[in-house]
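First chain written, first letter: the chains are A, B, C and D, and each begins at residue 1.
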Amino acid sequence: MDSSNRHHSNPPSADSKLVEQEERRNDIGFGTKLTDAHSRLINKDGTFNIARINSSLWDRLNIYNRLITMSWGQFFSWLLVAYLFTNTLFAGIYMLAGADTLKGVDDRVLNGPFWKCFFFSSQTLTTVGYGHISPDSFLTSCIAAFESMIGLLAFALATGLLYARFSRPVAHVRFSQIAVVAPYLDVNGWMFRIINTRANQLIDLSITVSLSRVEPKPDGALTRKYYGLNLERSKVTFFPTNWTLVHPITSESPLFGCTPKDLEESDSEFLISFQAMDDTFAQGVHTRYSYRYNEIRWGHKFRPMFNGNQQGVVTLDLDKLDDTEEAALN
Amino acid sequence: MDSSNRHHSNPPSADSKLVEQEERRNDIGFGTKLTDAHSRLINKDGTFNIARINSSLWDRLNIYNRLITMSWGQFFSWLLVAYLFTNTLFAGIYMLAGADTLKGVDDRVLNGPFWKCFFFSSQTLTTVGYGHISPDSFLTSCIAAFESMIGLLAFALATGLLYARFSRPVAHVRFSQIAVVAPYLDVNGWMFRIINTRANQLIDLSITVSLSRVEPKPDGALTRKYYGLNLERSKVTFFPTNWTLVHPITSESPLFGCTPKDLEESDSEFLISFQAMDDTFAQGVHTRYSYRYNEIRWGHKFRPMFNGNQQGVVTLDLDKLDDTEEAALN
Amino acid sequence: MDSSNRHHSNPPSADSKLVEQEERRNDIGFGTKLTDAHSRLINKDGTFNIARINSSLWDRLNIYNRLITMSWGQFFSWLLVAYLFTNTLFAGIYMLAGADTLKGVDDRVLNGPFWKCFFFSSQTLTTVGYGHISPDSFLTSCIAAFESMIGLLAFALATGLLYARFSRPVAHVRFSQIAVVAPYLDVNGWMFRIINTRANQLIDLSITVSLSRVEPKPDGALTRKYYGLNLERSKVTFFPTNWTLVHPITSESPLFGCTPKDLEESDSEFLISFQAMDDTFAQGVHTRYSYRYNEIRWGHKFRPMFNGNQQGVVTLDLDKLDDTEEAALN
Amino acid sequence: MDSSNRHHSNPPSADSKLVEQEERRNDIGFGTKLTDAHSRLINKDGTFNIARINSSLWDRLNIYNRLITMSWGQFFSWLLVAYLFTNTLFAGIYMLAGADTLKGVDDRVLNGPFWKCFFFSSQTLTTVGYGHISPDSFLTSCIAAFESMIGLLAFALATGLLYARFSRPVAHVRFSQIAVVAPYLDVNGWMFRIINTRANQLIDLSITVSLSRVEPKPDGALTRKYYGLNLERSKVTFFPTNWTLVHPITSESPLFGCTPKDLEESDSEFLISFQAMDDTFAQGVHTRYSYRYNEIRWGHKFRPMFNGNQQGVVTLDLDKLDDTEEAALN
């Protein structure tokens, strides 16, 4: 990282005005070609609104990532399906090897030979091994020895996945569903607010906001441009209550003099990048959010979220996150 | 992070003095509204003194975080309760399916059918599976196959939780219980000290101290303000012994000319944020601490913690952390 | 890290021009002596083209690292080999202790005493323990007690390895196979491009490019020199699509005025260091790549990778990563 | 971290020369009181040469840290001891509950009732559960149900410990056993060198060197002082070969004009702090080293470690790390 600073500290490209100009352009990674006015850049869940074709099967499957990010319900369903499938598969193999080489309980008690094989398989896979059914031939013993190894590895995998799901750093931050343009000191400000929904402490928070909008080039072609928005405060050390982020609309702001109609016509989207440290595990957490032009309330301000002071403890009401009231703009 | 620098490097808000002023205000995340003089901001265990209402059940439970941060005694008690509960549950299910379909040991030996079911359940859940009790019907076999899977997953979970508890980065740093105002060179200094209670090495330590106090606004309303306190030394590379942190009370200090009574009346609290790297795992560790006005001893200084040099090794006596003696202020 | 800045902020070595000059030389760690024109510095898989002799056996084995970085096929093969080997070993031990002390199934059913011992071993190692074969002497019981402990530890190890393999941070970034020198604004640029092959989001990307080439010293001896190449943009926050990295060949560029022949004669290699944050686990990912002089197409430019806009979603065609077309240089 | 910069950017303590002077003093965390001339500050294994008394038992045990950092031999010995101890304990409990309630194999076959209990315990603890011995009373079943739970937790713990030991970031860096003072360009330099002993790639290396020596204060009392030593190069991106660290002894160096005798009399020690990123896991690795005055060879220089170029691959001979030869100083 330091090397990068070292490399680029010399004044860049002094002999080409165009190069210099391009280097100064704010681009946060979307490029200039996404000018379709009808789709957002960042979806509400923080993913990007871009599809890919011709990726390899393995990249498309992306198994580990999916198993980690799917819901708990889906995850346990997949585990159950895998368990039933594996047992069915091995039951079939034992059938081929001869169900009568699994000695012990009478088949009829367990609904016939297939189910005897199935239950023997489950007792082998989980290594419970009661022994009331046991392999009584060389071939069946081999299969069982292999299956018990598979079983242990499979549950080793499940252990790792469970741990990975639990320990994954996730920012439990809720963004207000709308942003507002409200009076702010002697000017106006574009504002949104966030709360930490968990009792986990987040520290060293840092937020950046970019405005993305489509502008005509000198030749009339549309191009998407990006502007970093200056914030009243973009970093805080602690995050015990709610935090209202304010971009003051001063004369330097790209929003200066803008009307709601301007934002709509330029397909404006406010891109927010959030990062912090989860104190429980000292892990970094990141998330993204975006507000489009139609998610901004002009001439509204946020109502306080504090619910008075009860028994010496300040109380924060999370249901009030989206509460606003009208406020005349400056 | 770098992008943030890039965005905000332009001089902010030159056309509004109020905006500029607000941007310069030190706010570490508590806001200006916590002006109740009877409660502290940071509790002695490093948590914040703020309650939340209307969070979702799931957020309130925050299961993983609780299981990780509860004491070892509580943790093992919960494991035992969960184990007994699950076995009782499955014992009930086996009873419904018919205790007589679990073949083997005579019920009377194990205090009747319920306990036979209970012990069979425990042998299935832990996959010990002696086999002296075994499922002798289709239905019971199905339940047992399911229970053994649940058992493996449950212990997979326990494995992950145990590892997470053990490997969680915790700063084993002890703060002196009181801070002092003592003579320091040719001025006075506000001081506290810390030790590393473990043999783990902490490296690259960094500490910030903020003073929070309530001040009247021009209109007489109370508002909470924050001041970063300059430290004699806020970063060190190594932490082999104790470390006394000193804020020199020079004329630039917000404490300059303050009396104990001033601190009390302004509900002063010194907020400390500590971070370091635990060398064993190269993990960052963070902690917080605070001293309120009534936890400061004026005109006292810390006594050395070194206990002489025994057999060529310098010895540090951890019991002396809070030892102070009177010292006339400059 | 901060301490390093503190230490070295004073102007260095003002009394020795040679020292000062050396301190300013860009060296990214390869030194000046690798001047062989026939081998590259960074291999295509990101490793370095340097061998070591006389490292210790343990360092050469580097077991953990190998088990983590080998392919999944190799990994499972090694697990299987280890499982078979351990069982064979313990089968031998049980044979020595007396195969007839393992009571239960008739030897002949399982192809003789060795296989009875082998299967008993596998049932002990995996803790499946059916019990249709069981240790019927003090000595055999001791061995079995030991083996079951080994078994659990071995599978504990396998659990850890599986988790480590899965959770290892890997940058799934594909570099274009060739770099190009193409017209860029009013000058030319040296360019390559990259895509993220996975749906995982990479954020806070940062890239540095160094040019390494062999130059004659005043005394005629060859020495390898390194130049940091200025990039149009070396950091982006998001990486939703492809990213074309551009080094503008302005008059400050070490490539200014260079011909393909110059690059070949100086054994030029472009060394690329990539780092980003994988958003799923907030883990840093790093990778390296290099382009040698013969992997650069002069007078070609990259074709766009966007495949139109289908159903409101912009589509990226990963197969077009290496597509170039001729373009007259400025 | 940024907040710290914000807090302390104002010029410090302008009204007290002594405070200002103290703030400028380099102190890397050892303080000024360690002036014993006969013991080093940093031991050869990177630990600090400082003892503690009166720490709590729990802090002194520091179990997790010990289990992670002890050698593999010790670790497995402890596991074995714990396994035998637990089995002996539970064997005793089963004896108290009545060895005859464990039904199955004849006691005499297993050397009497204690060993029957012992082996039953081991089969329960590891969940192998053959069932040729099984609990045949309510009390014994209860104990066995508890023991099998303990067993699973214990091996869960072992799984976590094994993973933690394996995945712990360790810098496999070897420092030359001696440092040298050798001619360097037109001055002299204090030098040592390091190699990476593993094939793991280390990237983004950074090294700081401090000189610690005892100096008399104006009042004659001895005090330990610290100086950051300027390095020819303190950061590199890649570390494929060896790296010679050079502190040029220019007129600004605290070593300027020093003789070996000066270093001995001032009990000089060179403290080295190393950090890098292990590329396999993108984990930070840290280590420390120190050279005392008697580990420096004056008028020697390091011999190259390259062993020619074999089959197009540059070869590094690790045995040559400590090779020096005489060289006349400037």
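Throughout what follows, a residue touches a chain if its C-beta (ideal position, glycine included) is under 8 Å from a C-beta of that chain, and two chains touch if they have at least 3 such contacts.
Note that the structure is predicted; figures quoted are calculated from it, not measured.
Participant: If you take the chains that touch subunit C and keep only those that also touch subunit D, what is left?
Facilitator: Of all the chains present, those in contact with both subunit C and subunit D are A, B.
Participant: Can you report the angle of the rotation that maps subunit A onto subunit B, using C-alpha atoms only, to the nearest 5 degrees?
Facilitator: About 90 degrees, rounded to the nearest 5.
Participant: Could you label the subunit A-subunit C interface same or different, taking same to mean over half of its residue numbers are used by both chains?
Facilitator: Both copies touch with mostly different residues.
Participant: Looking at B-C, B-D or A-D, which one is a repeat of the C-D interface (more than half the contact pairs shared)?
Facilitator: The same interface as C-D is formed by B-D.
Participant: Just give me the whole-number Å value for how far the CA centre of subunit A lies from that of subunit C.
Facilitator: Each chain's C-alpha centroid was found; their separation is 25 Å.
Participant: Report the inter-chain centroid distance for subunit B and subunit C in whole angstrom, where each centroid is the mean of the CA atoms.
Facilitator: For subunit B versus subunit C, the centre distance works out to 36 Å.
Participant: Enumerate the residues of subunit A that touch no fewer than two other chains.
Facilitator: 1, 3, 28, 123, 127-131, 159, 163, 206, 208, 210, 235-237, 273
Participant: With touch defined as at the start, can you tell me which subunit D residues reach subunit C in the complex?
Facilitator: For this pair, the touching residues of subunit D are 26, 28, 79-80, 83, 87, 105, 109-111, 115, 118-119, 122-123, 126-132, 155, 158-159, 162-163, 166-167, 172, 184-187, 197-201, 203, 205-206, 208, 210, 228-241, 243, 248, 250-252, 273, 275, 277, 279-282, 304, 306-307, 309-310, 312-319.
Participant: Considering the complex alone, what residue numbers of subunit B touch subunit A?
Facilitator: Touching subunit A: residues 1, 3-4, 6-8, 10, 12-16, 18-19, 22-23, 27-31, 33-34, 36, 38-39, 41, 47-56, 59-60, 62, 64-65, 68-69, 103, 123-124, 127-131, 134-138, 141, 144-145, 148-149, 151-153, 156-157, 159-161, 163-164, 168-169, 208, 210, 271, 273, 283-286, 288 of subunit B.
Participant: Where on subunit D is subunit A touching in the complex?
Facilitator: Residues 1-3, 127, 129-131, 159, 204, 206, 235-237 of subunit D touch subunit A in their complex.
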